[in-house]
Structures are given as structure tokens and as C-alpha cells.
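Shown next, in C-alpha cells, is the structure this report addresses.
Think of it as A, B, C and D in the order they're written, each chain with its own count starting at 1.
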Amino acid sequence: MHVQEMIRTHPQPPVVDRDALARCIDACFDCAQSCVACAGACLGEAEHVQRLARCIRLDQDCAEICEVTGNILSRGFQPDPDVIARQLAACIVVCERCAQECNRHASEHEHCRVCAVACRQCLEACQIVAGQLDGHRIAAATH
Amino acid sequence: MHVQEMIRTHPQPPVVDRDALARCIDACFDCAQSCVACAGACLGEAEHVQRLARCIRLDQDCAEICEVTGNILSRGFQPDPDVIARQLAACIVVCERCAQECNRHASEHEHCRVCAVACRQCLEACQIVAGQLDGHRIAAATH
Amino acid sequence: MHVQEMIRTHPQPPVVDRDALARCIDACFDCAQSCVACAGACLGEAEHVQRLARCIRLDQDCAEICEVTGNILSRGFQPDPDVIARQLAACIVVCERCAQECNRHASEHEHCRVCAVACRQCLEACQIVAGQLDGHRIAAATH
Amino acid sequence: MHVQEMIRTHPQPPVVDRDALARCIDACFDCAQSCVACAGACLGEAEHVQRLARCIRLDQDCAEICEVTGNILSRGFQPDPDVIARQLAACIVVCERCAQECNRHASEHEHCRVCAVACRQCLEACQIVAGQLDGHRIAAATH
């Protein structure tokens, strides 16, 4: 991935830590890919598909929210802190729900186990960026 | 648009009012399309492009968030109320910011004026669904 | 939808007929929404879900391809005719396959019947724009 | 990225080589991220933005087409070879055009130089998968 190089060559510096931002963008796209793949794999589980219907639904929601969150964090130019904070909040909750649902099927379906790991990593990476952004917004408000 | 027919033929009833849901889904896709078109039109404004850079950025963020919000509301099957509430919150704030920015250029660029209207309509449609969803979540929590 | 107003207010005229372009953009977003809704409705069809697995897969592919095609047609600014022609070709084939698969379930599941109509309309609208674009490319190549 | 693990744990084997598929999916998401970041960086280039307008447009088209291509390749379940072939064809041409345009600005703007590399890698990875898929389709047609 060229994420770090793209952050380094952006004409404006990011408002959060470069490494945390790169990790979060990577984690968003990794989680999006895992969720799309997990939904596809669930569709291939023959007589188990019905039991995996909620997993497929959350996978798809999570994939789309992660892709958009990754895109918004990638733009860099004049980011709106409120938009980013709320999109991160949506991403954190959908990653949590998708990880929970995938974990319920992890012992039977290994793709669910792997997807739950990707969701958990994305959730944590988003929480770190959201925390730094919060600090930045409080500092901006008190100056 | 076949939005209303798709809601009517879904095997489960929605947790919010059918008309409010249909209007919100329509407004999300309409706003997404207007924002993508406004960003493209801004790129064609020759020597004004630099002044429109923030508008292009917000247009693109708004388009992507609206598309995802419209998709999540369209699925219907076992919706997670917390995911939907947070995604609606992100959609409401990005529509507000994009409408504000577009309005700043509305007298000079008619595409910004039209786009601001689409953003404002989407914001209002999302607020109605978010309000109904809140009532539903409070009712669910007290039973 | 504000599609027509956005086309009218764009600083550059489109290379294809304005009405055909507006109809195609409308049809792309309508089809995308119908496909996402159909996939969600299929997930709610209890013991029929397994039989609908291929429908869910094609619905999701079709939704994403239509959204991107709608976006690319919406930008207007300096469109690359080869990119648009190939994206339209992908859109036409996925709409055809999704309509076929939905039609197989149309008598049992009304959402599949409605979705097949949306796919068919999108396919036809894309073919018209693709035909006009071809004429434009041939004319450009011979001058 | 968990791409390889997701391919390995899918209940059905892919129709193309696992390593080529994994590399292509990785390259699609890497290119999508680079293009979104390059568009954002271009918007931050002050008085150069006007000159970068075509680059921003192609970046955004390329990002969206790569994301969808990566998603469609990730699903794995009952892939439609014609849909995949046509979507890969669209991806190959948009990566080529975006790389060309980015290369025109590579000496002045390092983000364009990095983005052109990501586009070129995605183009090559897509060509390999498209070639394998073609072989598979010819073999299927002659049996």
C-alpha cells in the first residue's frame, strides 16, 4: 500500500498523527475488503446461508461505511472535523456489531473468524484517530 | 424511482414510517447525484476552480456519505438501529456543511445553488427518519 | 431528482443528448437502489435465502456498478470517452444478468420482479447513451 | 491486509490463480486509496488547482472503478465471468488514463508521481487476472 507515501506527499500536514492516520486508512480498506469477501463466502455456505443472513447484511453495511471512512480520511485537504468525527463514530459502531456477529460463527466458518479480526483492528484504529481528533477539537475551541 | 415499490414488497415491515423512509432514500440518492455533478461542474469553472476547492471536497464527501446512507436504509433486513442512527448523524452534518459551502457560491454558480437545495432536502429527510428511529429506540428500551 | 437541473447548469455541454443522459443517470441510481433493496429483501426470505444466494450476489455487483456508472456520467467535466464506454459496457452486462436472475424468482418474490424491471430500464438507458457515444467517437476519429 | 486469508477460507476455490487474485485485489484497493488521496492533495495545490482539474476528475473515476473491481473480485461466490471481464476492462483503461495524466504532473507534484505508480501496478495486476479469466472462458466454451 502507498498510504504512507500519499500522506507524506500531501501539500498540507494532517491534523492527527501521521502513523495513526496511515494505520487507520489501511485498517478501513482492509476491513472493507474482508467484509465484502466474508459476505461472498457466507453466500457460498449452502444450507447455512439462512443462519448467516444477518452476518451478510452487517458485512455489507460495514464494508461500505469503512470504504467511505477510508476515503474521507485519505483526502486530507481542509477536512471538516465534525464530519470526520461522526463518520468515525458510525464506523466504530458498525465494526463492533459486525465483529460480534462474525464471532458468533467463527468456530464454524473460518472466514467469519478472520473478518472479525479485521473489524476489531479497524475499530481500534478508528478509536485512536477519533481520540486525537477530539483533543484537536477541544484545543481549537479553547483558543 | 422504484423506491416505494421496493419498500412495499420487502418481506419485513420497516421500523419507521414507509413514506418518510421512501422520501429519505430518494433524497439521499438525489443529493449524492447532485454533489457528484456539482464537483464535476466546479472542476469546469476555469479560473474559479481554486476558490471552489473546498466545495469540491465537501461535495465528494457528501456524495459518498449519502450513497452509503441510502444503501443502508434500503436494505431493510434486520437493521441495526445504532448503526443507522450514527450513519444518519454523519449524513446530517455533511449535508449541512455542504449546503453552507454551496450557498457561498450560489449567486455565481447555479450548480452550487441547485446542489445546496438537494443537500438541504436530504438533511431534512434524514432528520425525520432519525427522529422516528429515536422514538422507536426509546420505546424498545422501556419495554 | 435534480439530475436535469444539474446537467443544465454545468459549465460544459455534454457530448451526448441531454435527455438521454438524464434518463440514464436516473436509471443507474434507480437500479442501484432497487438492487440493494432486493438483496436486503432476499436476505429476509427465511428458508428461501439459499436459493436466492446468486440473486443477492448479482444484486450487489449490479448496485455497485450502476452507482459508479451514474457517478461517472454525472461529472460531465472532460469525460474520457473510452472509460465511459467500457464502464457502460460493464453496466449493460451486469444489468442483463441481474435482470435474468431476478426474473427467475419473479413469480415467487415480488421484489425480484420489480428489481428486474429496474435493471431492464437501466440496461436500455445505458445502451442509448453508449450508442450516442459511439457515434461521437467515430465522428471524432474521422475528423 | 487479510486478502490472502479471506481467499483461502472461502468455501469455493477461485477460477483464477490465488496469488494473482490476491495481488489484484490488493492493487485495486491500493490504487483506489492513492487516487482519492491524490485528488485531495491536488485540491490543496493552491494556484495549481486549475491545471490539475483533469487529474482530479480521473483520480475520482479511477478510485471508484478500482473499489468496485476490488469488491467484485473479493466476493468469490458464483462470479459471472462476463461481468468480471468487462469490469476489469473498464479498470484497465481508467488506470492507464489516470497514470498518464498523473505522470504529466509527476515532476512538480510528488503525490501524482506516487499515484501513477499505484495506477500502473493496478493495471498490470488486472491484466494478469483478465488474461487468466480469458483462458478459463475459452476452455469452458470448448468443453
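Here is the rule we go by: contacts are C-beta pairs under 8 Å (C-beta built on N, C-alpha and C of every residue); 3 or more make two chains touch, one makes a residue touch a chain.
Computed from a predicted structure; not experimentally measured.
Engineer: Per the definition at the top, count C-beta pairs in contact and tell me whether B-C or A-C has more.
Structural biologist: The comparison resolves to B-C.
Engineer: What whole-Å value do you get for the distance between chain A and chain C if each is reduced to the mean of its CA atoms?
Structural biologist: Comparing mean C-alpha positions, chain C is 28 Å from chain A.
Engineer: As a quick test, compute the distance in whole Å between the mean CA positions of chain B and chain C.
Structural biologist: Computed value for the inter-centroid distance: 20 Å.
Engineer: For chain D, what residues touch not just one other chain but two or more?
Structural biologist: 39-40, 43-44, 46, 53, 57, 60, 71, 75, 77-78
Engineer: Is the way these chains touch best called a line, a ring, a star, complete, or other?
Structural biologist: Graph shape, chains as nodes and touching pairs as edges: complete.
Engineer: Per the contact definition, I'd like the list of chain A residues that touch chain C in the complex.
Structural biologist: Listed in rising order, the residues are 39-40, 43-44, 46-47, 49-50, 53, 56-57, 60.
Engineer: Spell out the residues on chain C that touch chain B in their complex, using ranges where they run on.
Structural biologist: Touching chain B: residues 1-3, 5-7, 9-12, 25-26, 29-30, 32-34, 36-41, 43-46, 63, 67, 70-71, 74-78, 109-111, 113-115, 117-118 of chain C.
Engineer: Once bound in the complex, which stretches of chain C touch chain D?
Structural biologist: Per the touch definition, chain C meets chain D at residues 53-54, 57-58, 60-61, 64-65, 68, 71-72, 75, 77-78, 80, 82-83, 86-87, 89-90, 93-94, 97.
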